[in-house]
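Got a structure for you, written out below as structure tokens; questions coming shortly.
Each chain carries a letter (A, B, C and D) given by its place in the written order, and its residues are counted from 1.
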Amino acid sequence: MVLEVRNLNVYIKASHILRNVSIEMGENEVISLIGRNGAGKTTLLRSIMGFAKPESGSITFEGRDVTRCSPHETALAGIGYAPEESDIFADLTTLENIEIATWTRKTGRNEEERIKLAYSVFPTLERYKTRRGTQISGGERKMLSIARALAMDPRILLLDESFEGLSPAIIPQIAESIHEIARMGRPILLAESNIYHVPDFVDKIYVIERGEIIFSGKSEELLNDKAVLKIVAGAA
Amino acid sequence: MKNRQEIARLKSLKLPLVIVIGLVLLCVPLFAGQFFSYLMLTFFAYAITVIGFNLLFGYAGLLSFGHALFMAVGAYTAAFLTSTFALPYMELILVAAVIVSAILAALIGALCVRYIKIYFAMLTLAFGMLFYTFLLKFYYLTGGDEGMRVLRPYLLGIDFSGTPKMQFLAGTYYIYAFVILAILTFVMWKIVSSPFGLCLKAIRDNPEKAEYLGVSVKKYRWYAFVISAAYAAVGGALLAPAVGQVDPGLTYWTQSGTLVFMSLLGGFDYFFGPLIGGIVYILLQNSVMSLTSYWRFIFGAILVFVVIVAPGGIAGVIGSLVKRRERRD
Amino acid sequence: MGKTRREFVKLVGGAAVGAGMLLAGRGKAQAQAKPAKGVPSGPVRIGAMPGLSGVIAVPGTAAWRTTQMWAEEVNAAGGILGRKVELSMEEETTAKDCVERFRKLTLETKCDVIVGLMSTGNGLAVGPLAEELGQLWLAWDATTQKGVVETMPRTKFSFRSTDNEAEAIGGAILTAKFFPNIKTVVGINNDYSYGRDCWDAYQAVLKHFNPNVKFVDALWPKLGETDFTSHIAALKKANADLIMTSFWSGDVPILMKQATAAGLFKRSKACFTTGGGAHYTLKKEFTPEGIILGYNSFYFKWTDTWPLLTKFVNAYYAKYKEYPVYETDHAYFVLQAYKEAVEKCYSILGRWPTKEEVGKVLSGIQVPSLSGFRGYREDNLMSCNFFMGLTSHKNPYDFVTINQMEVLTPVQIMKPFAGAKLYDWIKGWKS
Amino acid sequence: METILNILFSGVFHASTLFLVAAGLQVVFGVQKVFNLACGTFYGLGAYFGITVVKCLVEHNFPKALFIVPLIAAGLALGLVVGPIIERGLMKFVYDRDETFQLLLTFGLVMMLEDVIKFIWGTSPQSMGGIDMVYGQLNVLGATVPVYNLVVILCSLIIAGLISWLLMNTRFGRIIRATADKREMGEALGINMKVVYLKVFTLGTVLGTLGGALVVPAGAAVSEMGMDLIVLAFAVVVIGGLGSMKGAFVGALIVGVLKSLAISTYPEMEMLTIYIIVIAVLVIKPQGLFGGSRV
């Protein structure tokens, strides 16, 4: 297992947001975390990153316990993160946004290679590399957010709602880029609220509802589980 | 939720305690020296101010760094009425102070409540300093840096000028101030436990949600601002005759800092927190100032310590101790 | 008190030992181990209220140091009538706090006398309080003046400092004397009552001597300002023959320095009525010769023939590596006056006097102080000489001193009695 | 003409020190979201320390004309020592608290440091004597300007240039701009905010101490010099826009020149004008003139 979350319980202020959540991510796996808004997807991703401190449970990444790691330590360990809001640095150009990720984590690849890698997955971005974060479209921001995480040369990627709010024309394009990243041998965790956006190359699906994992399995199995399907599909 | 429980517990357990403490405070002049009574008198004035201040700070979550302005408004009202207009009726002074400060606060508040957090703090600071400059500059009206005399007021229309000053302050005036404090504390208690008070808290915790639920956020903040200003003015008006002189130093920005300090020291999450903070601050200042000329350093260090180690203030520490014991029981 | 005030004073007058004799005897006085007969055994409690922060910190520190030095000296010589002196210090801050601290010193510490306070605002608050509490208050520099009008013409317990505008009047007299040909004057004074009153009084007096002089502009930096480059631009614009200022604290060297750096004194003369308040900071490098500099009531080298001064200045310098400023003498005088008043009372009554009795003796007292004899008038205002002159570089220090020193007497520069109207008084002068 | 130049020079001179202190305030607020009331106190500390260092060197026959070198070094060194001590010793504990607490912490710091200054240097005004006059005066179209004042203005401009270069062209600068905008995202990209905060707070402190050291030869150090400056620096950042360096620059110029102008034309209005502008800006454009852009 590359990433293993065991019995995670997370509270925000007094509310119990994640209840005994366990997920596993194997080598070369693309897994999808499906759940309605407020079900706890983002909190789970943020807990893995170290933004939210779990009350109990453990997070193991490549055999190392990262439960209590601070976000930058988690990132340096090799977990890339593209948040729901993209969080592009508005004052920096596209290129500078990507560059920052190459300065922090040192890997076998040098900075140039990593920037080139990011551009190769998202060629659109190269055209806008001198534009500032405020001057690019929503779809490009999503791309840049993922590209930036990729430029860190991470072992795995956590992508939060990468298709949310995008025009149907761009979704396949981004999905294809994600697929390409996965083919490079980087496992990906894809959080998604809309079941219809989940790409078909996903290997495993977890469904989260009110902070609990209520389903895990292949996508075919989910299609057969009417009860669960009703919960997630109803939200879309 | 926590607060409602707290209120319920307070009602059952703490009410007798509050009454006992109140009675002890009232009887201070009987067993303590005149000077200690005088200190308590200044405490009453500050208590009224911080109790109002905390409606804004603790309940509405708005940090005013210029609240000393309204205290000064109250104090100068007392000065004007007693020395310039020869109208030394305390009740009139109080009413005038409330009216003047409410009008001023309504105007300033209308601008300030559009902002929160650091912007609110800065804007109030700017108004406080504007008023400070005004008091200094409009020399012929306000006496500039020399300030103004505050003559002894009539209480309930009775002239006490025959009584020696300290006897007056530690006697009649003491009781008078205490009664006003008691009434205003009770009124504030009613305010914070009313739907209005609960709304303020809801706004503090989640303004978007409150707006969504149909609460007019700005209007509520504005009300809170005006009420707290009126309280501060009453505090200032009560303080002025005790001191006998008002000066612009009352509204310098560090004075506003003192009010925040008191609330924080006592614990602004609790209704009685600022009162505890006020009394501790005054007693502490009294002894530390006599002890060393570097008392500012000690006070700075205390503030830093409270901010870092005990942000809940004294009441917060007591509260958590009580809770721990309850849990053990 | 069976006796009327007049009788009491007469008695005192009869018994008054020559102050000079007291002075002479003081050094040799055997250290009395025990209090004199009829004197309580506990220490004499003296409350001191120096300002130790902000602008008043410079004179305040000097006064507080002097107070401590005086207490040490007196204790070493056996105290007052054999009672040790014990100091209680409370800082002078805002009026509200001063009132509180004054009450504390009176009611809690039970001080026999309280000395101190510099700010007039605080004096206005504490003056009436002292009367109400029946507490002797000997001010260092605080008055109870509202503008130039004394608010407490008759007091029993509060002994105020010299009139605020005295230095400005002296400055104007000397301006007329030293610079009779100036035609235009510009003022730069702090934006508070002292600054405004000084400017008004200065104008009135100078007009009296020199009716043709024009006052072209007045600048009002706020108290505590530490950068005057903008004001200097305005002073240059005014282009006057003379610049008058009543600055007295840390702002003096700053103004002097920045004005010199901008070449202001190449064109204009100047009158720093109270600049001596921080005289040792006026370095020769940036202070021109030949401008009027006032030292208030104490000039650290006004004479070589007054041993008290020489001894004190040397001791002060040895201890603090600074030369004392005027507030030292205010501080020294009030304590010395208190001590001698108590001793005089004792010589009549044979017991430790009450505060009221001490107060009665203090009215009209004359005692030797650092700047010569000085005293309290019958209206309980300090009365002393003021020292002013033209700056000079001819001295062994790195700062300026004055030559052509003028000693201005209280009769010249202070209203004759507390209730007098200042401007009527000036109008009545014969030139 | 001469008058206008005089007003302008004095205004710009005033602005140049205001800028340094306000810039220190801005950089700390921009990244750490802490409104540092102690920035004025750092300015005072720098002034006193600068005097001590220069006096000591001059006593040991250091060439007077070169005093500006150790002066700047003293300002820098002090900031580099004091900044990290305060950041590691105090500030780091309150980063996850409400900004109110952070403001109050710096308020406590102001009270403490004022007494520290008094304890070390006493209450007497301190100056370097006339050392700044070794540079002489310059006549510009009839206006006499002390050359040292021009040196201060120049230094301030150079520092402004350096900061802008640092922010725009260095990795550290980009990291500052990125984290000022979205701190959490920076962390998620592996940026150690502890280190960033330490550096930023130190930078803010250095700007204050350097400002104090630079300005003091032209005046004197007095114990209250920091207190009032906070209020002016506050006016600068409100007018310029909180967190914006450009805002600090323009705001300082506005406040400096305006103050100078008011003093020369209508001295009664000096401070009132500034407060009225502050309130007007807050009411009309609460983000300040450059509030939109960050750092």
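Please note the rule applied: a residue touches a chain if its C-beta (ideal position, glycine included) is under 8 Å from a C-beta of that chain, and two chains touch if they have at least 3 such contacts.
This is a predicted model, so every value here is computed, not measured.
Chemist: Can you give me the shortest step count from chain A to chain D, moving only between touching chains?
Modeler: 1
Chemist: Give the chains in contact with both chain B and chain C, ordered by label.
Modeler: Expected: D.
Chemist: Among the chains, which has its CA centre at the largest distance from chain B's?
Modeler: A
Chemist: Any idea which chain sits dead centre by C-alpha averages?
Modeler: D
Chemist: Between B-D and C-D, which chain pair is linked by more C-beta pairs in contact?
Modeler: Higher C-beta contact count between the two pairs: C-D.
Chemist: I'd like to verify one number: the distance from the centre of chain A to the centre of chain B, where each centre is the average of its C-alpha atoms, in whole angstrom.
Modeler: 51
Chemist: Could you grab the centroid distance between chain B and chain D? Build each centroid from C-alpha atoms only and quote it in angstrom.
Modeler: 34
Chemist: How big is the gap, in whole Å, between where the Cα atoms of chain A centre and where those of chain C centre?
Modeler: Taking the average C-alpha coordinate of chain A and of chain C, the gap between them is 76 Å.
Chemist: Give, as an integer number of Å, the spacing between the C-alpha centres of chain D and chain C.
Modeler: Each chain reduced to its C-alpha mean, chain C and chain D end up 37 Å apart.
Chemist: Among the residues of chain D, pick out those that touch two or more other chains and give their numbers.
Modeler: Only 114, 118, 227, 268, 271 qualify.
Chemist: Residue numbers in chain C touching 2 or more other chains?
Modeler: Expected reply: 52-53, 222.
Chemist: On chain A, where are the residues touching two or more other chains?
Modeler: Counting only residues that touch two or more other chains, chain A contributes none.
Chemist: So with touch defined the way it is at the top, what topology do the chains form here? Options are line, ring, star, complete, other.
Modeler: other
Chemist: What is the complete set of touching chain pairs?
Modeler: In this structure, the chains touch in these pairs: A-D, B-C, B-D, C-D.
Chemist: Would you mind writing out the residues of chain D in touch with chain B in their complex?
Modeler: These residues of chain D touch chain B: 33, 35, 90, 93-94, 97, 99-101, 103-105, 107-116, 118-119, 227, 231, 234-235, 238, 242, 268, 271-272, 275-276, 278-279, 282-283, 286.
Chemist: Hey, which residues of chain D end up touching chain C in the complex?
Modeler: Chain D residues touching chain C: 2-3, 6-7, 9-11, 13-14, 17, 114, 118, 122-125, 127, 129-133, 137, 143-146, 148-149, 215, 218-220, 222-225, 227-228, 259-260, 263-264, 267-268, 270-271.
Chemist: Using the touch definition from the top, list the residues of chain B that touch chain C in their complex.
Modeler: Result: residues 33-36, 38-39, 42, 136-137, 139, 143-147, 149, 164-166, 239, 243-247, 249-250, 255, 286, 289-290, 293, 295-296 of chain B touch chain C.
Chemist: What residues of chain B sit close enough to touch chain D in their complex?
Modeler: Residues 63, 65, 111, 114-115, 117-119, 121-123, 125-127, 129-130, 133-134, 137, 253-254, 257, 260-261, 264, 294, 296-297, 299-304, 307-308, 311 of chain B touch chain D in their complex.
Chemist: Using the touch rule from the top, collect the residues of chain A that touch chain D in their complex.
Modeler: Residues 49, 51, 70-72, 75-76, 81, 83, 87, 89-92, 96-97, 99-101, 103-105, 148-149, 152 of chain A touch chain D in their complex.
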